[in-house]
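Before I ask anything, here is the structure I am working with.
Letters are used for the chains, namely A, B, C and D, taken in the order the chains are written, and counting of residues starts over at 1 for each.
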Amino acid sequence: MTVRFGLLGAGRIGKVHAKAVSGDANATLVAVADAFPQAAEAIASAYGCEVRTIEAIEAAKDIDAVVICTPTDTHADLIERFARAGKAIFCEKPIDLDVDRVKDCIKVVEETGAKLMVGFNRRFDPHFMAVRKVIDEGKIGEVEMVTITSRDPGAPPVDYIKRSGGIFRDMTIHDFDMARFLLGEEPISVLATAAVLVDKAIGEAGDYDSVSVILQTASGKQAVISNSRRATYGYDQRIEVHGAKGMAAAENQRPVSIEVANGDGYTRPPLHDFFMTRYTEAYANEIAAFIAAIEKGTKISPSGADGLAALALADAAVQSVKEGKLIRIG
Amino acid sequence: MTVRFGLLGAGRIGKVHAKAVSGDANATLVAVADAFPQAAEAIASAYGCEVRTIEAIEAAKDIDAVVICTPTDTHADLIERFARAGKAIFCEKPIDLDVDRVKDCIKVVEETGAKLMVGFNRRFDPHFMAVRKVIDEGKIGEVEMVTITSRDPGAPPVDYIKRSGGIFRDMTIHDFDMARFLLGEEPISVLATAAVLVDKAIGEAGDYDSVSVILQTASGKQAVISNSRRATYGYDQRIEVHGAKGMAAAENQRPVSIEVANGDGYTRPPLHDFFMTRYTEAYANEIAAFIAAIEKGTKISPSGADGLAALALADAAVQSVKEGKLIRIG
Amino acid sequence: MTVRFGLLGAGRIGKVHAKAVSGDANATLVAVADAFPQAAEAIASAYGCEVRTIEAIEAAKDIDAVVICTPTDTHADLIERFARAGKAIFCEKPIDLDVDRVKDCIKVVEETGAKLMVGFNRRFDPHFMAVRKVIDEGKIGEVEMVTITSRDPGAPPVDYIKRSGGIFRDMTIHDFDMARFLLGEEPISVLATAAVLVDKAIGEAGDYDSVSVILQTASGKQAVISNSRRATYGYDQRIEVHGAKGMAAAENQRPVSIEVANGDGYTRPPLHDFFMTRYTEAYANEIAAFIAAIEKGTKISPSGADGLAALALADAAVQSVKEGKLIRIG
Amino acid sequence: MTVRFGLLGAGRIGKVHAKAVSGDANATLVAVADAFPQAAEAIASAYGCEVRTIEAIEAAKDIDAVVICTPTDTHADLIERFARAGKAIFCEKPIDLDVDRVKDCIKVVEETGAKLMVGFNRRFDPHFMAVRKVIDEGKIGEVEMVTITSRDPGAPPVDYIKRSGGIFRDMTIHDFDMARFLLGEEPISVLATAAVLVDKAIGEAGDYDSVSVILQTASGKQAVISNSRRATYGYDQRIEVHGAKGMAAAENQRPVSIEVANGDGYTRPPLHDFFMTRYTEAYANEIAAFIAAIEKGTKISPSGADGLAALALADAAVQSVKEGKLIRIG
């Protein structure tokens, strides 16, 4: 079976998914839609697909699945429309910035029986997957403490910050998902601290740029997350899992692995400076997993419920900072 | 000038300090006291010094300074006695497990004008010192986020745990001091989580074995501490400082730095399995710094106030766990 | 301009090049030829090109360039035929195992003015390219000593060994090319040692499996090569360049960069176990460079002369082992 | 039993051994001799021993063993004298620069039954010892290929070079010993290349500063040695052993193991810049091994025969460079 795709949104991340779908032997990109005709046409011409309207894709008989890469505030509506249209749906995170809206959306997905995958791409990074595999194989015993360090090369424009839902819902949300992925048990409490250390304008926009979070599960397992909107040495993405029998860690990735030595010491190049080069394989792997799940009819993960769970942790973190106390989940 | 020493306590750590004092060209070990005559005699014979009573050392004209390595509950009393006797004092941490007792003790030290150094040996580890130097040289800019990972190879006996004051006052206290050393600004709030994941007996003794802590300073700088009473791969001691212009980190230490490769991969030996082999240089360096400060009449650091500050953070961490909220300091 | 390709040979390496050509925006794969129709058809169907005979490709007006991936003993003949047919030629190494045959072939290439690139893919590995760039930027000063470690995961079948021309012409030849690439000066002498340590059958076939080589240039620069047909820990491919002002090295590559620690130590996974996964990017980059050179009419490198120079070093190494002496080149 | 020592030579390396002897619980430093009275007195006062003449030490009843750290051209004579005087002898390498003189000296040692240890300190480096242990435990199978990289931070003065016997006898000799230590089989042939790349004055003095050597044993095992008189990044000392079942390597050592990251990349400090700080533990360990062997009456290693074997390899390397051919040993 070849899964026939429609792509909604032809921006930066849309291009990444267009390439992944086109390069997959079990999928074909049939159509693309975008509010900017030129963006849609660029993808159409590069990958040999049609430009259509969202409505046309919704009604199309020759399309089995859609990839939603439109602006965040359209996600929930589009998920509901395409769930009702009987399409399998891959949607970039987040479903919505509002938990209640997400819950409503997931309800529609459940009622329609649609397949929905949420784009927590880091679960598909080969290095993080290898850590998860080490855990599954029992090599480090029961997981006890997870440490996630996640720092961006630089802060996004303040305009973006304002629309982002804040650092916990925009940036830490990936780490909340990764913590859940690695803990193997639901966090039941959140402690968070936040500050503006990188850029005052971020503070003026009502957000933070440097945050620390502790999650804890019912059995006492802990995850610590450290985020900064700036890292001069590149895109810093590390995970470490400490267990009863050992420890597993995924190191940072850099474009070339050379080392130059002189009187100043031994120097390796900086890390990747962009999430799209850092997570190239993850983006391809997640689409491949989505396609495989559709083909084989297997369970899709991460699901809408995963998207909701991460958002709930983000909301709890916001509240913990405001109230200076531990927030219980659920 | 040669600084003439009396050693109080001839146990495990007393031996380490006896060796450091004896090996220092500017110091001489004159006498040792211990409740167990055999222990005192072993040191006396190994380093060519006398066995005396504590009272005799207190009254001695030929002794300028003492190193206190006796049980914790004797520290504050001995500091006061030797402060009044006009000796310079090096005391193993902690001064006492009770903040008020520590305050009273420091008051006596101040009134007598005695020199007091508290044994936070990690400040003298060459690798941690090198990180501090990198900060001082401005190479990573203003410090923003400190990460301290500190895990013991194995839990101490429950009997020890019961007398220890609990993990925050016994183990994390080193990390509280290190956080203050690296942040360069006083923490004003503490958030902590704690659990029993390693050994139920520790929980039955009223303590925890796995804890996570977030400290924050007035300007928003954050320090995250992760502790476990068990690490199968050895004595895990890492620090990392993230600043506005870069990052500095001290890696773990291992006894031999070889690597063996085969079909299972590339394997390096485990870390040191004991704090005394891990911190050999730190123990020697701290005594050398104490001797140098006496000789040159310079300020002693870490001081009694440093001991007090770390203990206050430990108390706040205990309270944060109990009350599930952020605890403000001072 | 789109460069239109014919592919000669649809085996393992042919597939790699078919994918690279098809994925390049400036090229198109028009036709494939192979003695086994099924192999050719598999590529034709996967990449949407035609199956043709070699003669048809030779005569085709709609083909600008060919990639030769046929057995080694056909390379020189095919290069001459396609040079005369006016096609640009990318040929897998070696041109031939016989230096005189290679010289004749290059003469034809020169007479016809054909463009010829020889497939020394390692020059296009991003990590090795980065080392070359460090040299070019003067960061390590004048190159003095090059060290190349090159070990295969396992020995090829003895049948292959018999047809291979021997380890120096089959395996070390890549390192001879890399040494020339890094030294930046022609080697004028060769010293070599060889032994059978891995598999007696290799010795019975008249070849070696473990060799060490020293090359020296006129100014005294040295390159040391260490080869083994077996490395239990994977495909070991390292280069190091020591210069007057510093040193640059490219580390080994492994599929995932995680580390697992326990009582046995810290273990990273083995290296890639196959040259095609290790050099995936290099294969894509070399075809891209070939296409770019055709498009832009720029000089092609590595050239036929580079193929000849590496083969001459291999011949000299064989002679050095036999005669137990230093062999001068040229 | 306490082994009573006389020290011959109070220079740089004499001080190192004086400290090692004094710090060993099973030894005592009784006397020191040096042509410069001030040098001898400095050691005498630092370690509480007497200054005596060489003759007095030779005749002394209260001295069991001597450490010879005098200039090289006095070694053989002193060994013979002290062998006849019935003392155990530790002598810095080399015994002499002339193979025949070494043979005569060893003959005297054998006739007198004296114990003689030659100062190949690197055998006692904890990291290199750990590699040897990995081999002995069979973890990497039969040794096949040894790689030794040995580069000095900077060239010694030309005056020293002139008296040194040349780079092979002065510097590479350590690597010849290390190769024998690791191969576990005697080299039977030597191939060497040499050049002047660092300092023309070295060439004018008739020596080289950059050399590459291949040793081979009867069974075909190979050792490759790379030497330079200059390494801007510090004292570069690496060994790697490739075997049938795996590989073992000892990494370089550096004074502090920190890493600093910024926009230029991740930088670790340079290596040790001096052999005495790099090999501090090795110097202490070799004297401890000498003392233990005397105490327990066990075999001493490395012996005079080891000194001779390394020198013979150095001579062969000189000859190989001159004659451009493989030189057979023995």
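Criterion: a contact is a pair of C-beta atoms (placed from the backbone, for glycine too) under 8 Å apart; a residue touches a chain by one contact, two chains touch by 3 or more.
Here is each chain with its UniProt name: A, B, C, D = Inositol 2-dehydrogenase.
Here the structure is a predicted model, which means the values were calculated and not measured.
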{"item": "Chain separated most widely from subunit D (Inositol 2-dehydrogenase), comparing mean CA positions", "value": "A"}
{"item": "Pair joined by more contacting C-beta pairs (A-D or A-B)", "value": "A-B"}
{"item": "Intercentroid distance (Cα basis), subunit B (Inositol 2-dehydrogenase) paired with subunit A (Inositol 2-dehydrogenase), Å", "value": "42"}
{"item": "Between subunit A (Inositol 2-dehydrogenase) and subunit D (Inositol 2-dehydrogenase), centroid-to-centroid distance (C-alpha), Å", "value": "57"}
{"item": "Multi-chain contact residues (two or more partners), subunit D (Inositol 2-dehydrogenase)", "value": "232-233, 245-247, 261-263, 269"}
{"item": "Residues of subunit B (Inositol 2-dehydrogenase) that touch subunit C (Inositol 2-dehydrogenase) when the two form their complex", "value": "232-233, 261-270"}
{"item": "Subunit D (Inositol 2-dehydrogenase) partner contacts - residues on subunit B (Inositol 2-dehydrogenase) that touch it in the complex", "value": "126-127, 130-131, 134, 139-140, 245-251, 253, 255-263, 269"}
{"item": "Touch list for subunit D (Inositol 2-dehydrogenase) against partner subunit C (Inositol 2-dehydrogenase), complex", "value": "142, 144-145, 147, 149, 151, 189, 191, 193, 195-198, 210-212, 214, 216, 219-222, 224, 226, 228, 230-233, 236, 242, 244-247, 324-326"}
